[in-house]
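Taking it in order: structure first as structure tokens, then the write-up.
The letters A, B, C, D and E name the chains in turn, as written, and every chain counts its residues from 1.
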């Protein structure tokens, strides 16, 4: 489903991603863990081409991200084609990025109605169901500025899910959630995984990674240090860097 | 007669039978209308009547008389002064009647058929605190002038004269319109105003005895303005003027507005000599 | 509970808002000054209020008001629509498009409106005929420029194209006030550039765009008086045509000013409602005010949402049973 | 140090805080836990008068928040006096609220220089030291938009600490931090506690609460359900609601 | 690593940017049109380029340029300073202050500038003497209004007070673009309202305020021509005084337009730098561009920061040893 090959990315002189290569199979849940500033968010953003990569290649569902190969030349995709691909990649941002001028429900229905052309009636019904699923049945008509941090995060999750994407990118989806809700989001994600959705999840909660992940990737300073099953990486890591990182978990 | 309300529709019936019709350029003959540019804010030559639509004044009545001679209708278009010359150049208008002075410098850009003799004079308040009687008294005083008039040059010349005598220069302030200039005089912002004698005397008359116009210190011709090269039209209009002068319509009109002292007997092309 | 209630809490206490003596003095001074000014104006005989009254609803003035309104509305429509296009062009990745947009804004803002109006009106001096044809081939249509560009057309072109240059800067500033995260979120759900602009960026930018656009509209009201240069008359011109005949300059300028003040007041009210409309979701407080009115009408109501005009509905949670809660009272009253 | 008595707060018709009464002694670390939307952030914001309370009373360091008692009337404080009190109450916001137009270092030095009138030289030195302490020695001159989520959160913590407040309010100070950094922030907070600073910490990480707190307060739907030592509240809570909440911790 | 490298990755590939045919066509059309226009203007003899050349640097024109610049700069300074005061007043909690600010904006935007200028200039018609005294007591000072309010004073009062009304709306819109979280953060570190405004809100609002303020400044350049009404002459008036004598209207309007275009271009450049200055920290990309230049000069450098003008310094982390990294190349080149 997702394949990265020697992906590099710099901001000015700062190399943020250094030759990251990894692969996520369809239906797999991959967790990215690593210290703050190691490039996890940047990698997610490269997947749906919100950042252009400086080197290497990236495929989603067999297609190159942002480019098409004709002969041996990479043609940049037209804006419209990129939008089409992005519609099938859901993303939950670390800072949520909710639309402040739309209520919770409108945030969730915007994508289906505008991008996918779903009938409003139907989109609203589905949006309602999603918001209820994340426990916001009574906040549907609140604007984001009237929601608590955790409530905003749940709207962001619902907004991404409403597009029924094939690949979901979660950037710390539980950072603002209380333990109860983390459990619920975990349930939602397990459901999704069973229904065959591929997921890439950045998280700082090792317990969460252990529960949800098929594979865990450990990043440090832009380098993919170690990948493997959670049982292996989280409990018995090979690299010293991973060991020292995990040693601090409370 | 009184052609105050006359318009294209009304006078169109003058018809092709009119005596001078054949002198006009072919294009105007066929369109039947002469488009005139005018800045209709200059009594007694042109203003709008109380309805805000009808043009009245000396120019309009002369135009009425010309209509009959030329067998076409003359339409006044009110535009600001800035647009009059570009308007002639672009052929939006065939000629302009707006009490414009005929000078040598202007003759380089346009042609005139002179139709009036006006003097420039001093307008002062009756109290006259600065005791101004002639142009020579204005050294060092605040003098108001309407933008675009030839009085600017008179003031400049007087400044030179003052400086030659070792007196302070004339302190000229130029205003965009006659109204602001008069307002400046009545509120003491300027000491006197240099104005052409025709509108000056009409202002003095309407002022309820607060202002008075001195007799002109010099005079020069006003002209109807034409774009360069429109000789055929100029000739036709010149002939028209001569005929309305001959049948005394011209004199009657000026008399009606109390401006008979400005009447001319000949209507030369580019007669201005300054 | 860890809190031990002390005596202090039992005291009855009444809230006294803090006094801003300085501000009140300023406010009073301002009020007095305004009152004095109004009084001086109302009683000063130089204002000739009888003349003002006579002309306030005179036909030429009313016609002038109408012309002013027509010109303003049309010019602003052209200006806003074209201004958005130029602003988006300015922010385009395409170097040429963005430079062309810059050039447009520079050229039209840099040239006096008077010159632009004259240019359009006297286009025929440069281009006597406008012809549409196959290059080097036969001419399909051809018009006399003077009859194609009527004074009204010239006024619209001059005012509208000029305004677009100014509006483009305002729109650009509005767009740049929307955080990049918003564009990214829109892209991430698959919106195209156009959809992002229309659904996400511009609606949020509106909040910022409206006040300067109000400025432009009010400015345009007055700017229309420049169309006199091409023989088109509006409110201020109508007034000046009258006073050039009657020399009642001050009262007629007051007539014009009163009309402008009236139109400006109406526009300000319209602006207030537009700002409230586009401010929704931004100021939590103002949204709550809307709340209170809508509360009972607006529980979970699909239709309202569908019409895209609903305010937020905040159904009250029932209090958790078994725990006493004190009923919160309004504002700053603090019950003991 | 902090005392709340029957504090009530509503947004429109939504009662967010219902008669909250609690007390935090000087030098104590109090943790607020509770489900998302239970009013934890709102309570913190009431403490430094960013929200006016609708009912009840609140004291910080013996002074009423936002009011002064003269006779038996509560006089609203002048803006300047409120600012003075706030200068001694530090706050780390859930959404960080860094100043985007200032670099990390400028964010940290702004308060000391402008509010406390510290000499620039000294403020910069102290700011540097603080940023180095939270591991941002090499990001001092980055603007917030050039920082990762966790880096921003650390700048926010450093900004609040730079004011050397007597009372610190933390709103989920570790939500964007990796386990390593959580450990480090914990160390910082323990240091602070030892130096006698009072702290109120909203957190979703029970491990963190257990480590750092002297008292734990559990809020639910705006009601203070249970307070006590972490060992008691987190391991053996009295109320059913607390029990069910904690049961979900991964 | 979980990734199995496939053949595909070894392919050499060159990046071809996507073609935006439509945009290029538009761009070309625009370019051709501009070129045609310039050509038509340069060769059209009606423009009388010789006359343009003769007057472009004539003394009266240069004096006019100077007057225009002086009036614009002073009026904008008054307008911006007073505009900020009015905007802050408008957002005040004090009902009277906020309403007074609203009244100010309404009154001064609603009255034609022409009328305001006339009012100040002809104040003597209404108030012949300005006296300062104890109410009902003795007069302390008294001035002849005409000598107190010189034409220059009247021009400054008229233009500046009018501009302040417009600027107040622009500043208000800028202030409202700053998120409430910023004010809260400033308050939380103990800033007073004034400090919050000066250090946190206005610097961020500037980014949004600058483009419409550029509009106002450029508009003011032209608006100054209205001061003719009180007998004060600037660029456009100087030109029109010449053409009203010589009737060379078109070339002299071109002279004025060229000067306006030149001044506008200079202002646009100034605006560009101001926008970059106040945009710092907002667009990560533009900041990086600054980066590249400053990088070597600007490691951890206290002094620079102290001067409050330093760009961001992003010291490169050394690559982690033992792990190969491909050197990232610029922009869209993707090495195989």
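For the reader, a short list of remarks on this structure follows.
The rule is short, and it goes like this: a contact is a pair of C-beta atoms (placed from the backbone, for glycine too) under 8 Å apart; a residue touches a chain by one contact, two chains touch by 3 or more.
Treat the numbers as computed from the prediction; the structure is a model and nothing was measured.
Here the chain-to-chain distance from chain B to chain D, counted in touching steps, is 2.
When the interfaces B-E and D-E are ranked by how many C-beta pairs touch across them, D-E comes first. Chain A and chain B have CA centres that are 80 Å apart. Between chain A and chain C the centroid-to-centroid distance comes to 41 Å (mean Cα coordinates, whole Å). Separation between the centroids of chain B and chain C, computed from CA atoms only, is 44 Å. The set of chain E residues that touch two or more partner chains comprises 46, 118, 122, 125, 253, 282-284, 288, 314-315, 317. Among all residues of chain A, those that touch two or more other chains are 11, 79, 95, 139, 146. In chain B, the residues that touch at least two other chains are 82, 86, 89, 180, 183. Put simply, chain B touches chain E in their complex at residues 81-82, 84-86, 89, 103, 105-106, 108-110, 144, 147-150, 152-153, 173-176, 180, 183-184, 186-190. Those residues of chain E that touch chain D in the complex are listed here as 179, 181-182, 184-193, 195, 199-200, 203-204, 278, 280-284, 287-288, 298, 300, 302, 305-306, 310-315, 317.
The residues of chain B lying in touch with chain C in their complex are 40-43, 47-53, 77-80, 82-83, 86-87, 89-92, 177-180, 182-183, 203, 206. Against chain E, in their complex, chain D makes its touches with residues 45, 48, 50, 79-80, 83-91, 93, 95, 97-103, 105-106, 110-111, 114-116, 120-121, 124, 138-146, 159-160, 163. Residues of chain A that touch chain D in their complex: 11, 33-37, 41, 94-95, 135, 139, 146-151, 154, 172, 175-183, 186, 204-208, 211, 244-246, 248-250.
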